[in-house]
Structures are given as C-alpha cells and as structure tokens.
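Read through the structure below, which is laid out as structure tokens, and then see the notes.
Chain naming follows the written order as A, B and C, and within any one chain the residues start at number 1.
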Amino acid sequence: MPADGSEVGRALVDQHCHSVVGTELAAAAFASLLTESDRPSAVGASPWDSALGLAVRRWCAPVLGLEPFAPVEAYLERRRELGVAEATRRLLRAAGLSACLVDTGLTEAAGLPLLSPEELGGLAHAEVHEIVRVEWVAERATTPDTAAHTWAETVCAALRRAARHAVGLKSVVAYRCGLDFDPTRPSPAEVANAAAEHLSAGAGRLTHPVLLRHLLWEAVDLGLPLQLHTGFGDPDLTLHRSDPSLLTAFVRAVEPYGTPLVLLHGWPYHRQAAWLTQAFPHVHCDLGLTLTHVGTGARRVLAETLELAPFHKLLFSTDGYGLPELHLVGVAAFTDALDAWLGEALPVASEATRVASLIYGENARRLYKLS
Amino acid sequence: MPADGSEVGRALVDQHCHSVVGTELAAAAFASLLTESDRPSAVGASPWDSALGLAVRRWCAPVLGLEPFAPVEAYLERRRELGVAEATRRLLRAAGLSACLVDTGLTEAAGLPLLSPEELGGLAHAEVHEIVRVEWVAERATTPDTAAHTWAETVCAALRRAARHAVGLKSVVAYRCGLDFDPTRPSPAEVANAAAEHLSAGAGRLTHPVLLRHLLWEAVDLGLPLQLHTGFGDPDLTLHRSDPSLLTAFVRAVEPYGTPLVLLHGWPYHRQAAWLTQAFPHVHCDLGLTLTHVGTGARRVLAETLELAPFHKLLFSTDGYGLPELHLVGVAAFTDALDAWLGEALPVASEATRVASLIYGENARRLYKLS
Amino acid sequence: MPADGSEVGRALVDQHCHSVVGTELAAAAFASLLTESDRPSAVGASPWDSALGLAVRRWCAPVLGLEPFAPVEAYLERRRELGVAEATRRLLRAAGLSACLVDTGLTEAAGLPLLSPEELGGLAHAEVHEIVRVEWVAERATTPDTAAHTWAETVCAALRRAARHAVGLKSVVAYRCGLDFDPTRPSPAEVANAAAEHLSAGAGRLTHPVLLRHLLWEAVDLGLPLQLHTGFGDPDLTLHRSDPSLLTAFVRAVEPYGTPLVLLHGWPYHRQAAWLTQAFPHVHCDLGLTLTHVGTGARRVLAETLELAPFHKLLFSTDGYGLPELHLVGVAAFTDALDAWLGEALPVASEATRVASLIYGENARRLYKLS
C-alpha cells in the first residue's frame, strides 16, 4: 500500500504528472483512460482486462471502501455514489504526494477538461510546480500573424515567458519525429526556411524536424531540467524510434551546457535509459507511466532499471493523467517495487530508508531546485 | 503439468503449430529438432544441454512413464520401446489440445515427412484447421511456364484457392527480407518487373522484396488473420531485423482494411509486440516457439508480455514442429506460466478462469471464427 | 558466497579479466572504479550508491573481516588497515579462480599502473594466460616511421608476434565504430588508402573503420578465439550500436573460417547474444562486467541468457579491472546466480554439477585449448 502517512510517503515528489478530470466520467470514457491506445476497443473487449485494470482494482478499490479486486461495475458504482470530488480527494490523498510537477501541455482527457494544477494540488494536499511542454508553447505562440523570419523570435520569447513560472521543460519530440534526429543545433537560416514550410502548411501540429531541434536547443539554453518522452506511449509513436539510446549523440552535445536531461518512461528500453544515467552526469530517468501500466511487473521493471542506474539518478513519478486512480497506482506500484528491491539488495534499514528518500523525492528536489 | 483433463485444458486452441514426424527418429535427428540452429552441434555438445532439453525431460518423461529428468538415453530408449505411434499419441493427448491451427508450409522435419494435419488431429484428439503460408503458395504456384506479366495473377489465384480451406494466412517475410520493408503496396508495373527478375534468377526461394510486399498485400486483401513471424528463429534470420516494432508503418497501413495481424514468437522483442497489441485494435500476438524454448524462463517471458498486452490480444500457441514433445512442452510451459501469473495478479478464482479461457482459446476462436 | 574451496570453485576459469592496481587507492579513485562512467560524480553522489556498490559491500566486506554491508568508510578503513597487498590477496583468493585470461590491452586504472598478469596470477593462485587486444597492438606497432603502404604488413607482423604468447584475441571495435560495420574484408588498396588517412591524421587512437575491419580479418586468419566487446561500457560507446545482433553478417562471413567468436558482456542485449550462440556453432558468449554490475539482478540476467544459450556456449568471466573486489563480486554474483538457476531448472545434483562445470571452466578450457 502507498505509504500515505509515513515519512517516506510525505516526501514523495511526483516529478512528472498531469491533472485529473473534475467531472463525472461515463464508464466508456473511464475505461479509455486505462490504455495508451486512442482507438475504440474491439467488440467484447475492455481496457480493464489488462495489468493496469487489475492494478486499479487492487490498489484503488480499498480506498473507496471496497474489497481489493472488487468487480469493475461495483467499482464504478461506488465511485459515482461517492461523487467525483470525494473519490478524487480520497484517491489523491491516499497517494500521499508531497509535491507534483505538472506537465501543463495537456488540458483535457477523454474530451473533458482537466482541473488546474492548483486544484489538483489542493485535492492532493501537495505543492504544485509546473513543467512546460515546449512543443505546446511553440504551437500556441504561432498565430496567423507569425512570419517565417519572426517565428524563431516569437517562439523563443514565448518559451522564456512560460519558463519563468516553471521548474522544468518537457519535449515530446519522440512523438513528432522520433529520437533519431540530427543532434546539432540548426542555423538561423535553416530555422527560417523550416518555419516557412511549417507556416505554409497551415502551422498546426509541429512536426518539422528542424523546428523541433531548434526548440530543443532553445530549451537547453534555458538551463532548466529538460524532460524527454522515451519508450512507449500512444499509437502515434513508433516504438523502436523512441529508444533513449538514440539520443546519445544529443546527450553528448548537451553535456558541456550542463542542462540536466530527464528520460521519462523508458519501457521497454528502461535498461538503455539506466545505462545513460550511469554514463552521463547530466542524465536522469524515471519510470512514470511504466510502473503504472505493468501491474505486478513493476517489481521486475524497477529491478531491471536499478541494475545500472545510480541511486541519485532515478526519479519517482506517476505520469498520472485524467484519473486520480493513475496517480495512486503509480505511487503504490513504485513503493511496493522499491520496498521489495531494497529488502533484497540492501538489508540495512537505515540505509534502505536513505536510498528510498533519494529516489522518492530528494533527487527531484535537488534537480528542480525545489525548497 | 498441462491441465489435460480440466475445462481449461480441453479449451486449448493451439493457434500456430506444425505437424510431427510419424516415423522413428534416430538420436541425432531427434536432438536436431531441439534447437533452432540447422548447423551440426560442436563436438561433445548436444542440443539436449539447453533450457529446452531440460523442459522436455521435465514435462515429457512422466508421460512416457519415467521420472521427471530421466537421463536422455533412458528417455530415447523408452520412446523406442513404446514405438513412435504410441509415444506420439501419449504426448499429444497429454497436451490436451482442443484445436490445432496447422501451418502447412513445412512438410518435413529432419529430412523426414510430417504427418498430415488430419493425422495430427487424430492423434491429438483435436480439431484441425489450416494456416496457409503465403510464400510457400507463391513458390509452388510458380512453374517454368510462368511469365513475368502473369506471375501476379497466377500467384493471386493460387493464394485464393489455398485460402478457401484456411482459417488464416502466415508470412515469413522476416526471414526473407526482414521486417523493415517498405510498407506500401507495390504497383502492378513494379511487381511485373520484380517477377521478371525473380524468374530470370531461376525462381526458387522467393526473396525479392517487391514480390514479398505484393504477397503481403494480397494476403491483407483476403481479410483472413495474417500471422507474421517475428523475433528469433533459425540462422537464416537477422535478429534485430525481426523486431516487430519495425512493422509499425505496415501495421498502420493495414489498419483501415481491418485485416487482423498476429505477431508470432516475438522473443526477445515480446515487449515490443505487446505494446503493438495494446496500441492497435487489429494486432494480436502469441508466444509460440518462445515459451517452449526458454524452459523455466517461461514465467518471466509471459509476465513481461502481460505487462502491456491486453488479455483479449494474447493467443496461446506451441509452434510445435516435428516432435510431439514440443507441443506438450509448449502447453506445459504456457499453462504453468499463466497459472503463476494469474495467481499473483488476479487472486479471484472465477476471474482468473475467465482470463485464462480468453487466452487459452476464446481469443483464437473469435479471431479465426472457429465454431 | 563464492565456492572458493569446492571442486567447482577450483575449476573456475575467468575467460576475460584485467589486472588490478597494486598500490593504495584514495577513496575517490576507488569509487571511480565502481562505475563505467569516466566523468566526475554529481555533487553529493557516489558510485557506491549503485547495485555494484552494494554488491561489493555484500560479498567483499566479510572477506576483509567485516559484516556484510559494513559502511563504506569502515570498508575503506579496514582495507587500508590490512594494506593493499593483503586485501588484494584475500579478495583474489576468495574468488577461487583456477585460471585467468587477462586482456593486456589496458595497463592502468584510475591513473595507476596495473600489476603484471604474472603478479595477478601469483596473488590469485591461478594460472594466467594472455588475451591480446588487436587495436592496442596495432596502435603500438604504428610509429612515426610507418608508411601507408607498409602499415598493413607492420601491424600484421606485430599481431602475429603478440599472438604467439596468447590464447585468444580481443577487439573493441564496438567502441571505435560500432558493431554495424561493413562485414567484408577490405582490399589491400582500401587498407593502404585508409592507412594514409590514419597516418596523416597523426595516427593515435585507431578509429578508421577500414583499418578496424582489416584488423578483425587479420584476427580471424589467426584462428585463435576472437573476443568482441558487445553491450554496455563507458560513455565512449553508443549503446544501440553495440547490440551483438548487428554482428550477424560478420558472424556469417567468419563461419567458414572456423574461428571462434566470443561475445563479451552483452547487457542489455544478452538475449540477442544468447540467440547467436544457439544459431551459430562458432559463437560463444559471457556475462563478464554485466553480472558484476547488476547486483541482485544477476540471477535474472543470467536466467535471461540461459533462456536460449546452450550450456556449452556460455563462458564464465568477471571482467574484473583495477579492483580485486570486481573479480570477487564477479565470481560471487555468477555462482550465486547459476546455483539458483540450476536449482530450479535441473533438480538432479549430479547433472547440475556437470552443467556448472561446463560453464565455470570446461567450455573455456576446450575453447582456448588450455591444459
């Protein structure tokens, strides 16, 4: 169970998550948030029939006053009975987060608006900090008035403004062009040409590799920790092109700048991410999204990561999104897995607590300069 | 042990296997079927000295009336004593299969003819259905009379004829050119040119990437589930080019057609296959060949797959070939591993039975429209 | 614990290791040998905080007369108290190696000289044999007098001389250009042109792909087992370009020559290495460096390798380097993991002993033609 009342629990810093839907969700919408697929389920199939579905029933049902593994219908009925506000409050409190770093680049889930970060923090009793998604900032800064030769300047100004309120930045370049991109910083002329192409194609979703690289280098210049999506995600992504090892040349190019890089998710390339964290001082990783999804596999996946990741380089997160269940499952899966690992690998209680504290929160507090 | 007498056991649908040799096998020939290598073993080494060799001794010896792990010589002697017919009957009955989907693209093993699918079904007490291997059909349809401009038509007609008796199709494009092929359908002119090259090179084994792609798209048009070899196999194959993630662009191109795709084997990329089954409604996977080979590793490999694969997307199979031992080991390894996984992840007996039934047979019955 | 007194222990052949530093190491230098990174640690972080750091405390502290998991400071103090000679002697004896195959291509660690192979063998009470690193020989043979048209001849002569005293060769081509190199043997003209480029660039570190390929083929011609670095290592390396599967075309090209290939380390591609050892008679693998680093993950990583690797193809090694702790941890992690695996997969004591003997030493004695 998540250590909601303990010292360790109180120190949990969720270094990458999203907010939750504040209104009642229909059964189908709820289920759609239990899978990374954005496609309708096959006839007769349900996203509840997955390792994540079982994990929700295992860890969340008791928090709503049901037996673990209560049937899905009973779970949803109980949730409606409590009301979305009370259910959300209970689940987020049980998660026992002390701080949430919220990626504000998603504003709805299953077509419904997400609560503001402040509302999330209020329900969770947690400090809230912002992570700014660079592609989202660039897309919002580009208006019908933006000209090719001013795109870079406009976007750079917007990014700097957004970063003033943020503790870190995030890129989803893995989704937009894969991680096997040219690691060099594009020249101003290349950027202007690319902006012209982007604008003449109607702007919209930013997928031009030159502009994406430009944004990454703008982010590097800002010096805030830069989170990068790696590993699995929704069907937009091509899995083998999200292997974090493909970032190695970029990692080397960033090293002299000192900007910290944080490799998110990782699965099924979490061992590759772990090696990068050992090899390069400025590289960190988390297992958000991953440990939530893999159910009882969380112990194995965390253990595989700790085969090589130094203890000061692994960060806790949930990547919870839309449903407060995902925040709680993320906490429960991670704490269960880390407890198990430490019990085997470090049978000295005081030291195990010290290592757990690093991973649960101290690494993040140091990295993001939280108080 | 395989649940040969239980409800679950009776419902096992082996969604991808081959037939067995019906005549006595010399010790060396028997051993040669315990490895994916087609090379002679090193001096003093035997394929029995492997996880698969131990699994055969563990699961099959008792069925022939010996202790588990009886010595190899004792095992082979007992098998001769019983005679090939009786040994085969005992092993296949113990496997407890209710239906076998037989890939008819291989007709011999270790140089000896395989029993017909009907004979296999008779010995196993199982329904038999046919899976047609598209490259095999194309190779057999190509005669000295085939002209470049009629190749496509000839092959298409042969494929349609073969498919009439089949519940699914299979491609071994992973062996012939790797899975990183151009996913688009080739034009008729490209196909005719490629056919001319293929014919002028003496026809034979089909390795021309354009013709292989053409065949895949003909298969997609037929609408039957299309099985694709992915992951490990014999030395003809280049492992990293059989990563199912390399199929992602093809998977996306097929999606609008609705033709189901089934990723076979997967290892060591079974996690990649699992993600594809979660992301795309028309993608399924199995662990045939894999769970047979990996011995006590079967629990881990199945668990790694279920980290992300939805329960209605994983299919049971053995990929048994040549030796009935491989069908039995396939069943034993899979059922042992799934029982263990469900015991940990879903400690509600009725639900565990429901999920097992999906994976053991219902998913295949639905997908292949079996009665 | 390593079986230092047992039959199995006495038969351990470390088929790939380095020597150790013979002088006192400062705390920082000691710590720097606990990570593959050559960068300074982040502020407040220590390489001791890793799976490897815990493994050293678990397995080595008792050999120095401390409790397992004694604090780092106590460990270092006790080591100083004993003196480097006594500590080294104790640790190497506890490792219980009967033979060491020493890669002589590294001559210092943390800036301090390594003991000679003979000194290492004396401290360890083990036979010592030499493994010659081909790139190191080529670099040392190249002098200001070397001309482009004589480079090949000069290097070839040096390699033949060095090989006279060696039982095997080693290549670090994974570091120099990745394993995705052109597998064909370059022509003499190509080699001369490449040598001219290499010499005009000041010779030094050999990174020219043509010269590296030439060296590999010279090594193949010599017929001694050729070890190849694969998988993780220091930050010079790009991880996905060290996947041993990338060697498949080279493996096929070498097969007719009969020269054995030995894939070292492998992680996180050890399953890929295992398949290559099953598929190709001349391919072997080890888990040196890997099992040392991954701590309690050693059981899992070894088990993943034995999913497919035949028992006569897996070789024991430590890749110990600089610190005798790494030799001992390599032995302890490997023997603990193999005992656990055999206990589960082969519960027949006499046979488990036979398989362990193959892997611990007999495979290496046969392969390297040791007495």
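Rule of thumb we're sticking to: a residue touches a chain if its C-beta (ideal position, glycine included) is under 8 Å from a C-beta of that chain, and two chains touch if they have at least 3 such contacts.
Chain labels with UniProt names: A, B, C = Amidohydrolase-related domain-containing protein.
Keep in mind it's a predicted model, so treat the numbers as computed, not measured.
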Touching both chain A and chain B we find C
Taking shared numbers over all numbers used, above half giving same and below half different, the chain A and chain C interface sides are different
Can you tell me the C-alpha superposition angle of chain B onto chain C, nearest 5°? 120
Cα centre of chain A to Cα centre of chain C, whole Å, reads 37
Please output the residue numbers of chain B that touch at least 2 other chains, ranges allowed. 300
Quick one: which bits of chain B touch chain C in the complex? Just the residue numbers, please. 35-37, 39-42, 44-45, 47, 49-51, 54, 69, 232, 234-235, 238-240, 267-268, 293-297, 300-301
Given the complex with chain B, which residues does chain C contribute to the contact? 243, 245-246, 248-249, 252, 271-272, 275-276, 278-281, 300, 303-304, 306-313, 341, 344-348, 351, 355, 358, 366
